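Single-structure report; data block below.
By written order: A, B, C and D. Residues from 1 in each chain.
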Amino acid sequence: MKKDSVKIVTIGGGSSYTPELIEGFIKRYDTLPVRELWLVDIEAGRDKLETVGALAKRMVEKAGVPMKIVLSYDRREALKDADFVTTQMRIGRLPARILDERIPLSHGMIGQETNGAGGMFKAFRTIPVILDIVKDIQELCPNAWLINFTNPAGMVTEAILRHTNFKKTIGLCNVPVNMVAGFAKMLGVEEKDVTMEIQGVNHFIFATDVFVNGESRFQELLDKYAHLSAEDTIQMKNFVSLPYSPAFIEGLGAIPCPYHNYYFFTKEQLEEELEQFKTGTVRGEVVSETEKELFELYSHEELAEKPKQLEMRGGAKYSDAACNLIQSIYNDTGDIQYVNVRNNGTILDLPADSAVEVACRITADGPKPLATGELKLPISGYVHMIKAFERMTIEAAVSGDRNLAVAALNLNPLCPSDELANIVVDELLEAHKEYLPQFFK
Amino acid sequence: MKKDSVKIVTIGGGSSYTPELIEGFIKRYDTLPVRELWLVDIEAGRDKLETVGALAKRMVEKAGVPMKIVLSYDRREALKDADFVTTQMRIGRLPARILDERIPLSHGMIGQETNGAGGMFKAFRTIPVILDIVKDIQELCPNAWLINFTNPAGMVTEAILRHTNFKKTIGLCNVPVNMVAGFAKMLGVEEKDVTMEIQGVNHFIFATDVFVNGESRFQELLDKYAHLSAEDTIQMKNFVSLPYSPAFIEGLGAIPCPYHNYYFFTKEQLEEELEQFKTGTVRGEVVSETEKELFELYSHEELAEKPKQLEMRGGAKYSDAACNLIQSIYNDTGDIQYVNVRNNGTILDLPADSAVEVACRITADGPKPLATGELKLPISGYVHMIKAFERMTIEAAVSGDRNLAVAALNLNPLCPSDELANIVVDELLEAHKEYLPQFFK
Amino acid sequence: MKKDSVKIVTIGGGSSYTPELIEGFIKRYDTLPVRELWLVDIEAGRDKLETVGALAKRMVEKAGVPMKIVLSYDRREALKDADFVTTQMRIGRLPARILDERIPLSHGMIGQETNGAGGMFKAFRTIPVILDIVKDIQELCPNAWLINFTNPAGMVTEAILRHTNFKKTIGLCNVPVNMVAGFAKMLGVEEKDVTMEIQGVNHFIFATDVFVNGESRFQELLDKYAHLSAEDTIQMKNFVSLPYSPAFIEGLGAIPCPYHNYYFFTKEQLEEELEQFKTGTVRGEVVSETEKELFELYSHEELAEKPKQLEMRGGAKYSDAACNLIQSIYNDTGDIQYVNVRNNGTILDLPADSAVEVACRITADGPKPLATGELKLPISGYVHMIKAFERMTIEAAVSGDRNLAVAALNLNPLCPSDELANIVVDELLEAHKEYLPQFFK
Amino acid sequence: MKKDSVKIVTIGGGSSYTPELIEGFIKRYDTLPVRELWLVDIEAGRDKLETVGALAKRMVEKAGVPMKIVLSYDRREALKDADFVTTQMRIGRLPARILDERIPLSHGMIGQETNGAGGMFKAFRTIPVILDIVKDIQELCPNAWLINFTNPAGMVTEAILRHTNFKKTIGLCNVPVNMVAGFAKMLGVEEKDVTMEIQGVNHFIFATDVFVNGESRFQELLDKYAHLSAEDTIQMKNFVSLPYSPAFIEGLGAIPCPYHNYYFFTKEQLEEELEQFKTGTVRGEVVSETEKELFELYSHEELAEKPKQLEMRGGAKYSDAACNLIQSIYNDTGDIQYVNVRNNGTILDLPADSAVEVACRITADGPKPLATGELKLPISGYVHMIKAFERMTIEAAVSGDRNLAVAALNLNPLCPSDELANIVVDELLEAHKEYLPQFFK
């Protein structure tokens, strides 16, 4: 039944991440024969797509694999008969991200792009577009898998699950693989031998068990994690959070992900971001600079591989995770990966039709999540809170209900007050007006 | 089957609240013939009990009802054949409460007695004692109803439900009746015509529907509540929270209780408490003063009724609520009251064996909660979070696990940091060492 | 808010039950001032409606109450501004019922009208019509309460809950009130002092607790029920099932309703029905005879009250139950009645959006079910099985899927084999073709 | 961490199945180095154990693997430091089985050993013994895995889960692997390429999805299954049930397991068994004969391998399944096997702490079930019914409550009446009195 080759469509193909994706497909060509890769973008992104597309073609040619790169500004033409669709678009591009970050910070509120106000507005801009893409997929390539790595990946996945009847959607994030890498390092074992049980939602997961070659080493790891030295913390900064007290970690009985810094070290995170705000170096601004440099590099005609500098862009393992996922589906490998899927009882006390980020066995029929039972008591309150925030945000994104947006933001632990929730929602609505017609009916 | 008369045992009988309870039983004597009222206290409270007991006897005599008041320092003797047991004891008395409040405040953390650090330590001191009382009840008066209005009333109820097999326990609070009073005022109707649907846990409930003579007036009320004038807010300060934005209330679709100030107006509440901290007027200190004055009053031999000043003590409707509840059980009235009971699916997405505070039909077989379905989405995250805090606190109270205590406190939204969670837990453990043997094994 | 008077619309007004309904409204006029009662029927029922309508008018006149009786063949005209709509129609009239009973019996299968094959086909005929009625209500009298006592009342209620967004629907049955009457007799107390906790679905309920003046007398009652004499069984034949063994009842820990005879005494019930089949006296045939006689009686111009003979019609307390329900809603009485409503967690392990038959507090905002927790273990399997049968039947009624109909019937414990399920479904489809267009697309 | 070699203890080692187990371990020696295999039995089984043990030793010697076979009549000595414990004992041996079958049949009731009355009494005899074994394991080899293939395997597993705190227990059955084999044949593919999603409990599972190399071929398979020829049915008699109608299978949307014959073709199955009853050839009787012949064979000193005849014993793949499971745990293979484990939300609407038989990923940390969501509607009623029967049976097995036993049996669809439930329970209690002290206190 397995096709001899696959057609992949990447929406937001002009992204600076694309070379990593290309490299990933080239590396895996033997087991994942990508016949056609369509890079799709909007007219406004023509310059970037042309640059990235040219590099992609040079990379493929140099590698000597028979992969056809097609650049397209016509999403519907591209989608026809696709086997996999990946989405990595950014509605409003980096300037919108900078607003998502700077407007909240201008009022002393964390404005990070997937949690709190920033993530909320990224959801508001992205969800209507993704729902349109799904409509096209259902018409033009109904058997394709949609692999979304546009943030907020969890909310985007849940929006599709709740507002369409399309089932073949998977949300992807690089946080879990970074956690695996960190745990492997702490235990002195190889990454490939480590698997986790995780409970939570995108950017808000906890490791609740960790296995080396299938045997639980969790208690040992938890004890180590509870007593990290300052040095450890610095060395593994992509993975370890700011230092928690031993008592907290032991009482929690679960290992937080790096994004928990925002919730458990709000003061420290806010101080750092306010400094960036002052110096014009919020994440979106830094990334804009990096991107400029990357596109400068990409345009060199002699360049025919992914430049090292891309790895500094952040989110480096994202494209690799996407390639792995596609390869495992194509080959029915049955390995464990960590993705956002319909809960379906995997976390017993979250709604069955919500998206959760959990360990799944990857098969040709998609990810099959391993049951985890009820949320461990200490993490249950917080996970429910973030899930409620996500669900309210999705409803507001679809309905354009400002009241719901204000309530959702005020209920988010990163928002310090009702008053600020109103101010920040209004300023962000105004700033992104162009992309938020649902709120301006 | 109904007995001709009832025997009531009040544990913590030396409390300054007792005269209100006496007044309540006297007023209701026609429908609730209390034959014997045993006021029980510990030796250390002999002075207070003697004073209160003498007043109680004068009140009964003046009222001309044949109610026998018995003072006792022997709990087991008192419990024999009781029909109702009420608990209003305070382990460590008011000095312990002052520590619960001042120690957290000394580190800039809210130390209120039922939420956050203060409530946690009140639970730690109270739960082991209440579990012992339940053991005595099961032996000496197994058919009695235990009506607890010792705070934290929700946690105490859940501790009994989870750690004993005694079913006839009800937790009582005056917040719901105050909400009913406030809603009646806002709608210009009589209190007796108002009923509510509420969802939540003790000191953390939301009105999700409000009826006047059975017809829902909720949307109208919500709109009014969303647009309260500053004057309204001041006039109804026992009931209305600090002013929320219209958008938040409309987006929430539910009306918070006054205790939500602690969570939604943390900054304002903290400022006020820090001021009290400085001036030696935290609630426990104020109440200590009031109590001194009350006991001074109580000791006047000519006094034979509840003095007006008691109403300023706070929590004024507590005893009234207790009398109403006992009267409704005794007479199988079938009226609606708001109490803490085993959830049993009433709030569909909270654990069946947790305590919740909900509207119940009061019958001779106890409170029968009315199903409310799932938590309304906007309130679901927060309610889960507080429930998780409660459950962790109960487990720590029973096991004496300091790690769990630290984790529970850090996960409470009133706690600003992991570091402070550790410091405050340690200082409170040390301060209350005498009453917390489970933590010092 | 309460209206001074109410308009009631009765669909299927030409039913022989109507005089009881009229009597009920007359009796309650002081507390339930029915200004207008519209009796609606289809043209094919004109004769019956005219006869019943004339009797109704004579009854009202004799009683001297200012209740206007309006006969109508235009449902939409009738519904305008109604306060309550009652439905008691029978699609295909009694001849259809006779087919529902005789066709299964001709193959040796019980063909009772609410369980098994008969009930399934009554659902198939009724559900599409009731969904149309709901559409009219939503347009013409959206605030009206729809009180359905057309069988199968539970499935009809669930069909409305799942396939429309209309909430104000209540299904009504006389089984629970007959159980209350029986229990009162067994305990030697008055009916009005007895309340029950029940778990189950329409025609498949179990009493799981029974209270006299609010005190549980369940264990005593269960013991009595477990040891009924043959004489008791005969005397209370409307209520007591065939005699169960003491061990079964004690092990069950719940008291079955009379309809459980079909499931627990299938052999005996089948033998009785096969005898009726041979003698032309299946229930539908008997009722046809009775109806003829009743209409003969009704047409006597001197008759101006409900004739005694109607009580032999069976289902006698139905109309009374309907009048009580309407009166309690109108007056917000808060009394306990047993109706079919959205589950909403009342029975914790049945779907929240299914209909269940449970004890409810009746208010002006409708029935508020009292939480019952999980199904008692011994009854849980059977209740789930019947609920699955109901849900499959509803889906088949809406979709016209014959396979689903066959599977549903074969899964019903009254159906002896897959082969017969196919035969009986096909014969009934053919026999009722006229009323089942959804199966003949 | 993986040990170099493993110690396995087989309780009921004198079983005629043992040679298959030995063969299984020999075949897998390279990947599963069994250093010691202890065959444990009771004194009464000394003859059989000596015979089987001698054969086992000859088999090992011939194979030339360094596996030590130890015969023991001291369970506690044997368990010390075991890595895996398998249980295949039969309390009361085959004569008890014959009673389990013949007594119900003497009253016209199916008496099969895992469903209905026979299975119930096997549970009554086995559960107290298995709970004792678990106590020993917890003391003597707490890290061992207990792999139970004593029937009723599902109830035994649930009894351990509910009545001990031992987690490392797995129930095993050969039905799922036989279904895989049958599906592979029907689709013309290899067994190793087929995986299933199943929902249900032991001997009552339904295939709800079937994959070939990970791609769902379920609809195709369902259609084939719905239209099997009579010849197919005969050819695959170990796997295919009696022929269902196409409509039933399509409406069910799931493929039953062979044991469903008992429920869906009760009449046919009963007729067959009554014939066997008359001729003295009920299963237990046939197996007794076979066993005699097998032991005759086993005692030949020249025999040093598993005789072909054992395959006719029935349940042939049981031991193979056990070896596979142990091998996968030992090697952390991550392959899919179908075992009885704690539900934990895998089947969303069955209790979390019940045992279910589902597809699991087998790891060094045991089986990790793949979430399946809610029971498919058509199978939900029946599965709940059998689960309720199982849970009542377990409670009766532990408590010795005859009433519960009668109620459980009467609620089982194989029991035709309450009267027979009482008779059959009493006769079986009497017949097995020696092994059922809990019922004769």
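By definition in this document, a residue touches a chain if its C-beta (ideal position, glycine included) is under 8 Å from a C-beta of that chain, and two chains touch if they have at least 3 such contacts.
Here the structure is a predicted model, which is why all the values come from computation and not from measurement.
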Common touching chains of chain D and chain A: none
Maximum centroid distance from chain C, chain identifier (CA atoms): A
Distance between the centres, which are taken as Cα means, of chain C and chain B, whole angstrom: 45
Whole-Å gap between the CA centroids of chain B and chain D: 53
Multi-chain contact residues (two or more partners), chain B: none
Chain-level touch network, classified as line, ring, star, complete or other: ring
Chain D-touching residues of chain C, taken from the complex the two chains share: 244-248, 250-252, 264-265, 267, 349, 377-378, 380-382, 384-389, 391-392, 395, 401-408, 410-411, 413, 416-419, 421-422, 425
Parts of chain A lying in touch with chain D, wherever the complex brings them together: 1-2, 195, 209, 211-216, 332, 334-336, 344-348, 352, 361, 363-365, 368-374
